[in-house]
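This is the structure I have questions about; it appears just below.
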Amino acid sequence: MLKVKSAVKEFSGFRAVDECSFEVEENTITGLIGPNGAGKTTMFNLIAGSLDLDQGEVYFSEQKVNNFAPHQIARLGLARTFQIPKTLKKMTVMENLMLVPSGQSGENLWNSWFNSAKVSKEEEIVEAKAYETLEFLELTHLADEMAVNLSGGQKKLLELGRALMADPELIMLDEPGAGVNPTLLNKIAENILKLKERGKTILLIEHNMDLIMNICDRVIVMNDGKHLVEGTPAEIKRNPRVLEAYLGEKTA
Amino acid sequence: MFKKKILITMLVMLFLSLTVSGAFAQDTVKIGTLMPLTGGLASYGQFTRNGTLLAQKIINEQGGLLGGKELELVNVDTQTNPQAGVDGAQKLVSVNGINAIVGALSSGVTIPVAESVTVPAEVVLISPSSTSPVLTTLDDNGYVFRTVPSDSLQGVVAGNLAADLNHDSLAIIYVNNDYGQGLNDAVIEQFEERGGEVTASIAFEPNKVSYRSELMEAAEGNPDALLLIAYTDDGGITIIRQALENGFFEEFIFTDGLKAPEITEGVEQYLEGMRGTAPTSMPGGKGPELFTKLYEEEFGEIPPKPYIDTSFDATFVLALAIEKAGSTEGPAIRDALGEVLAEDGMVVNINEWNKAKDLIAAGEKIRYEGASGPVLFNDVGDSMGAIGIWKIEDGNIVNESIEVQ
Amino acid sequence: MALQLFLNGVILGSIIALGAIGLSLIYGILKFGHFAHGDLMTLGAYFAFLFKVQLGLPFWLAFVLAAALTAGAAILLNLILYRHLKKRDSVIVMISSVGAALIIRNLVLLFWGPQNKFYEKAIQMPIVLGDGLLRIKENQIIILVLALTLVIAVHLFLSKTKLGKAMRAMSDNIDLAQITGINTERVIIWTWAMSGVLTAAAGILLAFDTHLTPVMGWNLLLPLFAAVILGGIGSPYGAMFGGLVIGISQEMSTLIISAAYKPAVAFTIMILMLIIKPSGLMGKKV
Amino acid sequence: MTFAGVFSYLVFFLIFAGIYAVMTLALNMQRGFAGLFNIGIAGFWAVGAYTSAIMTKGPSPDHLGGFGMPFIIGLLAAGIISSLLAFLVGIPTIRLREDYLGIATIGIAEIIRLVIKNEAWLTNGVRGISAIPKPLAGSFGSNYNLFFLMIVVLVIALFYYLSEKGINSPWGRILRAIREDEEVVKAVGKNVVRYRMEAFVLGAFMMGVGGGLYAHFTSFISPEAFKPMQATFLVWIMLIIGGSANNFGSIVGAFLTWGIWTGTEFLTGMLPAAYTTQAAAIRVILIGVFLEIILLNRPEGLFGEKKYSSVSTADR
Amino acid sequence: MLRINDIYSGYGEIEIIHGITLNVEQGEIVSIVGPNGSGKSTLLKSIFSLVDIMGGEINYLGSDLTKAATDQMIKKGLSFVPQTDNIFPTLTVAENLELGAYVSRKNLSDRFDLIYNLFPPLVEKRKKKAGTLSGGQRQMVAFGRALVMEPKLLLLDEPTAGLAPMFIDLILEKVEEINKTGVSILMVEQNAKKALAMSDRGYVLAAGEKKYEDSGRGLLENKEVAQLFLGG
């Protein structure tokens, strides 16, 4: 599904991602963990095209996607969320979601003007889909609320919803659990599992180990921009190198 | 709250602007003037407006027109900008109810005013300074006149002057507008016809800080003299000074825009004996001298700017035409303008409004010895002026000879 | 000929550079294009006219007083206008500076009228060097010396004084400057003062070489911006260099293209620069 | 002052303000909706005006022309050429930081003005193009201006409708989203540069048409009409006073500002002749002060930003 | 010397720190550790009023800091090294250091000598623009700038973030050296183990709240703390 080969990214001499390689299998939930500064978010940005690789390769669905523009990769079926939830503040929750589906004919200005019938028909479908997504997230009561008025957790859900609207093959979630209260966290976990049931592939960065342990099929640990270890959650939990990495004891 | 206040302020201002300007509208004959008081030509507009005011004063002091009505002038600032000028002209016509217009100064404003306001509204317009040849061919139903000759006329004289001064080659630097362009074309044609060679013809952008590179370009090929087509304030003086300072040229020929003592200030010794051309009065007329005297009595020293006199004349002949027509209707004024003036008419000087009225009452034709020379219109409304040659003597400008058309 | 054009370009360029330094610093620290900068330049030139011609003071004194007054005017603009708009979109601040430009220009028109003015009526004959190869006026030498002195002074100020370093630091990173204990409000005021002095100097020198008109600064504004962009926004040294490049290329362009297109040279360089290297020759990240 | 006079001036005033309103609507598309900083309006205005003039005039020895196209074609061509220009300007600059785009556009506008001034074969240079045909000239007698006003109102209405419809459509949704957070829009697979460019080009189209209207109304154009103050910054002032990202506010802003701009003329008229120059300067100063007061007290403009939405909530 | 009492802070309407109490005594090294997003940096920024304070108070050497101006804080001996963007890239190294002396210029050369002794690599880079240095050297410049302020209490926000392993140890050694000259230290650090090992006391944060407080050693030996990082 997703293959990263010897990825390298430098920021003014500092290697944020250093020869990192890993694979994500189809229809699995894979956790990407590691201490702060390990290069996880940088890795996400490299995959999603927000940053360009200095070296290495990224394959998505067997296609080499090195240095694609973000919107190009998104169109191949990759959706992502952001660590700090990004929402379109002065737009409604509904609009936040309806923005997403690609290939809407109304995105063409000409159609929006002169092909109203077709556009509004599609809009109904998109709207229904957005509403469905909100139902899935149990957010329907907020449909017409401006995104800026949502709580932190609700914004996280909205981000998730936006990822769903894209009908992606692969969803990359950057800390879906950060700053979220336990109830909401459970809900997010549930939703992620449901997505797997629907056949999606999920890659998530997370610091909440409960979440990782409970839902992940595999866990990849990054440290210092490198792929440190990889395994099932149970294996990872027992691995001494992981604990060391977290507490800052460098392996010499 | 604030929004409301702003809206109200704006509406009040709008209302005031419509009413105040038209409020004192009783029993006067109104002529609109379109003069730039801000923008690029602001330094001319103030004085050309004075020219019109002087005419107004003379006419009103001598009993007004149409049986004792006062002449009222209403000015609108064109901002030297067609958008504002056209709007202002329409305001004059519609709101102020003027009967004729003097203005505007630049052809860039005059022509759109004529095309979109005065011609459709059948209002006579006399420009004191728009020299563009376009004005001649304008489809104007005869409503557009000017008291300044088309630039082609002066160009011929300037070209001849250069040849007469035994210059074999000539460089021209001209201001990049329709005035400069027109003169430039005419000079080249005439000078080359006389066997001379124009080595360079360079347009300059007004109000730039340095013209040294233009001058350098002009000086290439060592022409005998520089013919400078410019106004004093848009770069003309700077060009003269920089030409002298850097030794690019020693011989100059000037045109009307530079006929001003200002150009010699500080550089008298270098410009001594230089000559130039300018529209002027026919031989025998004493309009210009009289005008200078009257102007200085009223406003103090007359500035060395062109078109103050032609503005005066435009106002005066409009008054003549209105008196002749006995009406303030546009078509009547238009027809009267063609009838009242004649080369062989009875001489009227610029301070003789009463005499003019009497002559008109007696059905006589008038030869108006205007401030800028005799004013006569040809059948397309252009002034048939004369071009004079002037010379710098002891730092002063003196008229030397006159070339009649 | 080329040499002469080059010299003319250097003179024009050093005047542009003086104006551009202040514009660049303000752009760098306050993050907006100050469209009233050209008109501040005009104001400075007219202040000097007031002192030198109308009040008969010696040139150097007029220069100093005019520079001080212009600095005051710049500070005043900041106090009554830009300071209050700091949190706004930079476009709003820019539009307000257009308004300020209108106000200043018309104040000049109001007090001094639309006619051209001169500091000195008499002209100077140039010193001819190398058998007519190069001509330079005494005044132009004064301009070059003064401009050079000011540029060196600015350089010393920016590199040696506490305040100068603080200005550069703020242009780099205003938040860090704040936690370093720099009183940012005060430094901003000093930045305005300094660019007021420099822009007044530019205006005075320009008028000294040619003449005064109420639109002189507005006409030079775009070349100023071109110099700033060329040098990299916020980089005072870049602005100096950019000013010289713009001045020289404008003058020398007449070797190749018609003089009528001379004003376009600055814009063309600017646009090419934006396409090739938007951060400017000496600029930081965009 | 007669009623008929005031009425005919009012019609005239509305035509002019209306042409400015077209410009303001266009700028609102670029600035208000897409966040694009165009301070070269004069350039697009001029290109539109000259294009339409050249397309519709009969043959003239003074400049390119002789196509004799109908008015409508002239306007369309004006829009198209102006958009083409925007496209070319946009290719290198639309990705840059907003103030870079601004400075690039003002530079382009000045270059355009110089080209118009100096390429006489194309534009008749400084002498300008005269006798630009008015549509159906002579058909309405003294009511002609009323007819022209109808055309202007029609254009405003059309642009207003298209702009509103566009901004409330999925297309506008993307545009509004770009203004909120570009990263999100990229992450969901939309080509941000393309939508920016579309808004820029569309705005330029409207400016071109506005320029065409101007040319046909005044029948004469010359480089003088396209200076930055009246042809660019005034439009900006209108937009800011009316309220950015609000089509209705843009139109009102244009009418009010043009009213003040020309209306404060009465100040000059009231004072003795000796002070007219001063009065004219004071007037412009007052306009400047007025603008600053609005910016300081109400930077979002009189009407502020309007909430646009692609979804109607009624049916749920 | 520093007492943070029940502080609430965050960005705009988003509250990140939910009532934390903390103190630093004269001469101590105090570390704040905790998982990502626990609010460590925000807490540090609250002290310098770089985020919005919604409640609580900050007391430093007996006076209320919550409303103090930055230059006042610096005069009283507080200085702060941010995690990123902590140098002026177009200024030279020497100029960067000098700006640290912006508020007070007493004994400047002594202070510079101290910095150059502490960070010898900076000596030869003195005239170089700080933006051209490597990450570790930049961090030295940032430290140097803060130390020139002659702080009594130095606030460090993840001083080792983004540094190569060899530099991490170096920088932390320097922190201890600085502490030995009598400067108290409050730092947020990701390398929890190392940080706690050298600290007199430590605080463990999670989700914007204080979870544990103990001596550095004590926290290191606390199994629960270790669990917190890997999930409890």
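Should a chain be cited, it is by its letter among A, B, C, D and E, assigned in written order, with residues numbered from 1 in that chain.
Note that a contact is a pair of C-beta atoms (placed from the backbone, for glycine too) under 8 Å apart; a residue touches a chain by one contact, two chains touch by 3 or more.
As the structure is a prediction and not an experimental result, all values here were calculated from the model.
Number of steps on the shortest path from subunit A to subunit B, with steps defined by chain touch: 2. With contact taken as defined at the outset, subunit A and subunit C are each touched by D, E. Greatest Cα centroid separation from subunit E: this falls to B. Using CA-based centroids throughout, the chain positioned farthest away from subunit A is B. Which two chains touch most often is answered by the contact tally, and the pair is B-D.
Each chain gets a centre from the mean of its Cα atoms; for subunit B and subunit E, those two points are 76 Å apart. A separation of 31 Å divides the Cα centre of subunit C from that of subunit D. Separating the centre of subunit B from that of subunit C, both taken as means of CA atoms, is a distance of 37 Å. For subunit A, no residue reaches two or more other chains under the stated contact definition. Residue positions of subunit C touching 2 or more other chains: 106, 109, 113-114, 258, 260, 263. In summary, the structure contains touching chain pairs A-D, A-E, B-C, B-D, C-D, C-E. Across the interface of their complex, subunit B is touched by residues 1, 4-5, 8, 11-12, 15, 106, 109, 113-116, 118, 120-126, 128, 132, 135, 137, 206, 209-211, 213, 215-216, 219-220, 251-254, 258-260, 262-263 of subunit C. Looking at the complex, you find that subunit B touches subunit D at residues 2-3, 6-7, 10, 13-14, 16-23, 25, 37-38, 42, 45-46, 49-50, 53, 74-77, 79-84, 86-88, 90-91, 93-97, 106-109, 111-112, 115-117, 120, 132-134, 138-139, 176-178, 180-182, 203. Taken in their complex, subunit D has these residues touching subunit B: 1-2, 5-9, 12-13, 16, 117-118, 120, 125-128, 130-131, 142, 144-145, 214, 217-225, 227, 229-231, 256, 259-266, 268-270, 273, 276-277, 279-281, 283-284, 294, 297-298, 302-303. Residues of subunit C that touch subunit E in their complex: 159, 162, 165-166, 168-169, 171-173, 175-183, 235, 284.
The touching residues of subunit D, when paired with subunit C in their complex, are 31, 37, 92-93, 96-100, 102-104, 106-108, 110-111, 114, 117-118, 229, 233, 236-237, 240, 277-278, 281-282, 284-285, 287-289, 291-292, 295-296, 299.
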